[in-house]
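To keep things simple, chains are lettered A, B, C and D as they appear, and every chain counts its residues starting from 1.
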Amino acid sequence: LILRDAVHGLVTFERDEERLVVELLDCIEVQRLRHIRQLGVASMAFPGAEHSRFAHAIGAAYVMKKLIERLRTLHEELPYWQRLTSERAQDALAAALLHDLGHGPLSHLFEDAIDGSPHHEEWTRRILLDPQTSVHQTLAKRDPSMPERVARLVHGESDLPYLARSVSGLVDVDRCDYLLRDAHATGVRYGMFDLDWLLRSLRFADHPETGAELAIDGAKGLPAIEGFVLARLFMFQQVYLHKATRSAEWMIRTALARGVRGIAEGLRIPSGGVPTALRQAALGQDPELAAYLQLGDPELILAMKAWEGSSDAGLGDLCRRVRARVLHKTYELFGSLASHDGRRFALETARTIASANGFDPELAVGCDVAEVEAFDATDTPIQVVYQKGRPRVLHEVSFVLARLANQTLERVRLIVVPEIREQVVAALQDKNQ
Amino acid sequence: LILRDAVHGLVTFERDEERLVVELLDCIEVQRLRHIRQLGVASMAFPGAEHSRFAHAIGAAYVMKKLIERLRTLHEELPYWQRLTSERAQDALAAALLHDLGHGPLSHLFEDAIDGSPHHEEWTRRILLDPQTSVHQTLAKRDPSMPERVARLVHGESDLPYLARSVSGLVDVDRCDYLLRDAHATGVRYGMFDLDWLLRSLRFADHPETGAELAIDGAKGLPAIEGFVLARLFMFQQVYLHKATRSAEWMIRTALARGVRGIAEGLRIPSGGVPTALRQAALGQDPELAAYLQLGDPELILAMKAWEGSSDAGLGDLCRRVRARVLHKTYELFGSLASHDGRRFALETARTIASANGFDPELAVGCDVAEVEAFDATDTPIQVVYQKGRPRVLHEVSFVLARLANQTLERVRLIVVPEIREQVVAALQDKNQ
Amino acid sequence: LILRDAVHGLVTFERDEERLVVELLDCIEVQRLRHIRQLGVASMAFPGAEHSRFAHAIGAAYVMKKLIERLRTLHEELPYWQRLTSERAQDALAAALLHDLGHGPLSHLFEDAIDGSPHHEEWTRRILLDPQTSVHQTLAKRDPSMPERVARLVHGESDLPYLARSVSGLVDVDRCDYLLRDAHATGVRYGMFDLDWLLRSLRFADHPETGAELAIDGAKGLPAIEGFVLARLFMFQQVYLHKATRSAEWMIRTALARGVRGIAEGLRIPSGGVPTALRQAALGQDPELAAYLQLGDPELILAMKAWEGSSDAGLGDLCRRVRARVLHKTYELFGSLASHDGRRFALETARTIASANGFDPELAVGCDVAEVEAFDATDTPIQVVYQKGRPRVLHEVSFVLARLANQTLERVRLIVVPEIREQVVAALQDKNQ
Amino acid sequence: LILRDAVHGLVTFERDEERLVVELLDCIEVQRLRHIRQLGVASMAFPGAEHSRFAHAIGAAYVMKKLIERLRTLHEELPYWQRLTSERAQDALAAALLHDLGHGPLSHLFEDAIDGSPHHEEWTRRILLDPQTSVHQTLAKRDPSMPERVARLVHGESDLPYLARSVSGLVDVDRCDYLLRDAHATGVRYGMFDLDWLLRSLRFADHPETGAELAIDGAKGLPAIEGFVLARLFMFQQVYLHKATRSAEWMIRTALARGVRGIAEGLRIPSGGVPTALRQAALGQDPELAAYLQLGDPELILAMKAWEGSSDAGLGDLCRRVRARVLHKTYELFGSLASHDGRRFALETARTIASANGFDPELAVGCDVAEVEAFDATDTPIQVVYQKGRPRVLHEVSFVLARLANQTLERVRLIVVPEIREQVVAALQDKNQ
């Protein structure tokens, strides 16, 4: 397989070992990802953000291919039993390609909106392990234990910790691809980092308990990893936590929760408005896998369009606003208003205003707290290794990362229907410093 | 309005004159374009090609803004009555933004598949002129005659020929944006050209009958226009005429035609499979505008998914293949087999094989002829102007374009269901030289 | 004037006001900059870093042109007497183009190596004010007081503080161009920032004493300025403070100092080895302007080549090493060894080893201290302005910059001739933690 | 060795086989290339074109490394004796790195200006074969016959024709690097092509007489090779044949020829004006290798600066114009004036005018004929191979290249001192259609 990719240019899966990727791409469960946008509703703020999880899945598998190539040049450093056999390489390629397999429509919104709904990680696991799926059959054909191994790897479990970390860690193939891809699609230039240099900077470090771990080459690699961490931080600040993105997400999440409740309560909904999996979830059942796999963005978009005609006028109005991109406004809270008590006060104030203006407070007003850690240095900190001298931990040797380690960026915002924004601001601005 | 665009970087519409763009973007008919992919099913061949007509519409308006800026620096050359007044600039911006407004789902496939269906240009016109639409109201609020003027401009009609040409001509804002955007999304690097340089190279040339026409600056602009023409040719060769793209398009067009016939003939179709506009078209009625505006990619995708369960097994199978991306194979015809008679012979041969293998020939076999002219030098040839000396026509002075003028690239391909490809090739290959 | 630039693409100076740039480019003193590399000897570490101060001068003038365009869209905010008249715009364009006019060969090395030598800023001033230079005459032709005004502006002095700051400040046109240009030439990707977005983010802020100052738009501009500050920090870490760059700089500075002393002391030097300005400086005279203007990289390179045959064998050897790129090795000092006393100890240790191995310690061993402040928040901190609410200072509102404000990165390195590196490391490594 | 390259990003030579590249880079004859600009005086037209042959040499070696990697994935197709052994790979890497070793200052100008002077290819051969050079010693240390083998390979001779062709052929590593590098440095965007895709598109084709030859993969590679050929054509049209470049080249060539004649005739020239190799060449001697290796751009630039003070006033004036970038003007000839007789007539006319205005016609007027073949399809045409079916020749299957095969672009220009341009144009323009 040779294809053109917007981010990586020439992408090839031509070796024997990579044939598995080609076969998996033909599976219907992977093709389904064509209809789930990677960034959910971020395209409301960044019109270009319309790429799917399918393109990202290919990209992640390609980064894994390059990572494997890099790690194999360092193989002699490892004891024989820790090396990347062809079997392990195929597990890794499959895990990279399939890591998002269970995502529901509109990215994380679906699972967030429905109480008790299994998370996408759980759905990924079910798809991998269900003997009915093409993906399972393709894996099991090679080795009956492969679906289980891949499922564990997707969740960051493996007898090779460095492999687990490359699927799910500080510098994993998922992040490596999505940061570049989201930056490319949105036009945000600060999300770029130098992938080739980063991969070249990877080394192995001994770990007393777990064996070989991924580490960074101190002589050449610091700027590469610093660039990577900052790229992630920038993408959060600019895209993932963008006020319009967050507002649209809140609206859809709120509409979904209300719609699901309505379904449970027998709300009258026009035809096409209740996909099977949604009905099952609404009724507190665990959706069947086959039904869940029928859900993509188009299904959810059309369901919400149908809800515009439901007997819940507030829900209809909210869905209509989403479709017409009439987004709720955001009002950022600072200082004491951003504290736990302050938020509650602000939210109550806004709700009262909403009610006074004839809006359903549940649909018209919310409080959105978004946060991201710049760089997690606590858990298993990534090591930096040198030709001579002992390894160091990353935030010890990096000027920039030392200052960002374990620092959390938080954004607290009221979300209010546009009609009452002025009143809400007037009521709160004196306290908001 | 300030936004990030994947292609143009910083995009702003901040001047008074550009406020219209912001208002039009808020219209529901423009928001609808978010759900229609620019390249239809090309994402089957190029996973990144998932961008919508909405992003392209913004891009085209932005190119128009830059074009207007350029033309205004040359204004003094024009007689007063030909200059770009603010009114004309707003017409032009609106036309650029709205030129694709009437597109049906999956790009051109919808209108191609339904006999007698109005073309997207006609739908654009209807949307602009219908007093019920937000777009119409937004334009008419400025000036009751504006909707009509914009509709004419979209179709390349204006009392200023240079303005008409900038909306619909060899170098128009539509092409300027989509070539760059499609190249960016697909990762095809040859589709790039230098937009800034091209705009800077634009000049006015006198035309005895029509007045000022867009022309190219001979001293600086030849490589820019050559690069533009070649970029277009490359995009056709690589993307628009790609065998997988063409096969997927044929499959969907064929499924749509069959589905529409089935609707007319009372085929049993599961719920959700017959959107109103499709039913009206199938019954030979002119679809109502409101119904047509309900159609986007999600509606058509879900309709075809419903058809998988229809009582027409062949249709169901074809729709399932599309969804699973099990594409028909292509077999390119050369020499005498590519002639009119040759194609017919090849198609008959393939049909016979299809029937013998139990396939419905109508759904299993087709002949696809794709062609593109490298560069049209006949009609009103673009002029090249010099500081001294008479203007020349482009293909007279360009080494490369002289050799490509009026040359047509043609690709003739059989399209066959994968199961019979070997047999078809075996039957035809001796004749195919 | 229209030209292609590697960094900015299409660069034009076509307006009346910009004609001055074209005339200045034709001056012999500006053409001289073609033969002075922007990054001195950094090309020893980054082969691509071969661009000249001439290309940078054009780039800086172009950024100033775009800055002026931006500021003029905000003009109405200013009192009439603070606006950017055409005269002021021309001053600014000239200052941007000419800000490096007085640079000696090999960037800063020349002035650093010769005690008492005027700095390049002083030479710039002399060239601007000397009635014999083409640059002076070109400026004075417009207005006799223009050379003086431009000279003041180059040094960051103006009655318009925002204009002064745009020539010499945190975000000045010099930095804006050289960061991008150096990144482009070296291939270092982290030096990129979004210039268009940064310019768009500029605003005016009132300042009680000085009047209007450049500020940042809080709603849109934070990532742009953060990206800019981080790009600068990255370029220092990777390029300007790179160990090979610093070593080569130390070697040339040391050779120059030794050569100059030799000239003063009557060392025998082959023909071509003593350019006039160098002889004058060596003899403690203030070099004549005409002689200084004869000095470019080629003159200094050939002088040092001539020194290879001088009667000072150590000097000859050092110059030969530079030409053959046999660089001295670096050994970074940490912890207490990096302290003031530690450095002295390390240097003495290395000198003793050098002597014991028959090397001249002055030429074989040095200590290099490099430092850069991530972001200066003390002086006149740049303000961030909002549509509503009071302005804030940058490091108050930026998550990243708050953590980097006034932080200094320091690198302390021994520089030793390769032959003794092992011995030096052996002697010091126990103390170097 | 790991380094950053402006064009290729991360460049590594880390394998055993590549260690030779690192050793060769340390040779003084390779370091000399740092002081020879790749594009000679093209920086007079494109300020960014200041990169050296040293950076290009590294780039060419890196492309060769990637080419070798690609060819080795196809190795099984070849008979054992034609495969890329490590010895052959090292020959190829050395040839790629050293192919320009013998270049004189200012690119081709030096050898063109001096009658009977050996060409740079001959100098490359001498450097490789002379036992005194570091390069020779480095190669011979591995294998005494290696210098001779590399010298042959540089000239396109090898027992493996595909290897010879990769050093000197339609798609050789020299072109692959310089097209991208020159485009990157000049900012000309049309010089870009997709190197990764092109390398991936390379295949082997059987050749009845010579054995395996490089060929193109018909299924994937056509756009890559088309893009490459067009990139080259664009770079010629825009950069290499640019009027300012050609004018500056003519001026320097003319000055060099006059200076060399003057040296032979005993012209009085200030000190520093006659480098040894130049004196030897002027006196009709074959320059000694050691003297030739002392010549770089700085030496020639300073020699010409010295000539400004020679007793030949015309020569002095011409050199001064070059330094101040006061270029002669060009006047392109068309139609019959571009014919052989027409040129002679035009040149005579201009000479007469020059004399009448007091100029030395030899220095004030010239005729410059530049030509480039778009694509040479005659010699050993490159083949296009398919999975099935016979190979075709490239211009048979490429729509674009079929139309450009063996087509020659020619530019005929008078070059005249600016003072007489108007008169020359007035005298010729009626005939120039």
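Keep in mind that, in the parts below, contacts are C-beta pairs under 8 Å (C-beta built on N, C-alpha and C of every residue); 3 or more make two chains touch, one makes a residue touch a chain.
Everything numeric in this text was worked out from a predicted model, so none of it was measured.
More C-beta pairs touch across one of B-D and A-B than the other; that pair is A-B. Comparing mean CA positions across the assembly, the chain most remote from chain A is D. If you average the CA atoms of chain A and of chain D, the two centres end up 50 Å from each other. Separation between the centroids of chain B and chain D, computed from CA atoms only, is 43 Å.
One inter-chain figure worth recording: chain A and chain B are separated by 33 Å, centre to centre, where each centre is the mean of the chain's CA atoms. Multi-chain contact residues of chain D, defined as those touching 2 or more other chains: 9, 188-189, 194, 197.
By the touch criterion given at the top, residues 2, 9-10, 12, 14, 194, 196-197, 200, 220 of chain B touch chain C in their complex. Those residues of chain B that touch chain D in the complex are listed here as 188-190, 192-194, 197, 222-223, 226-227, 230, 233-234, 237-238, 374, 388, 399-400, 403-404, 407, 409, 429. Note for the complex: chain D touches chain C at residues 3-9, 26, 28, 31, 34-35, 43, 45-48, 50-52, 54-55, 58, 184-189, 271-272, 297-299, 301-302, 323-326.
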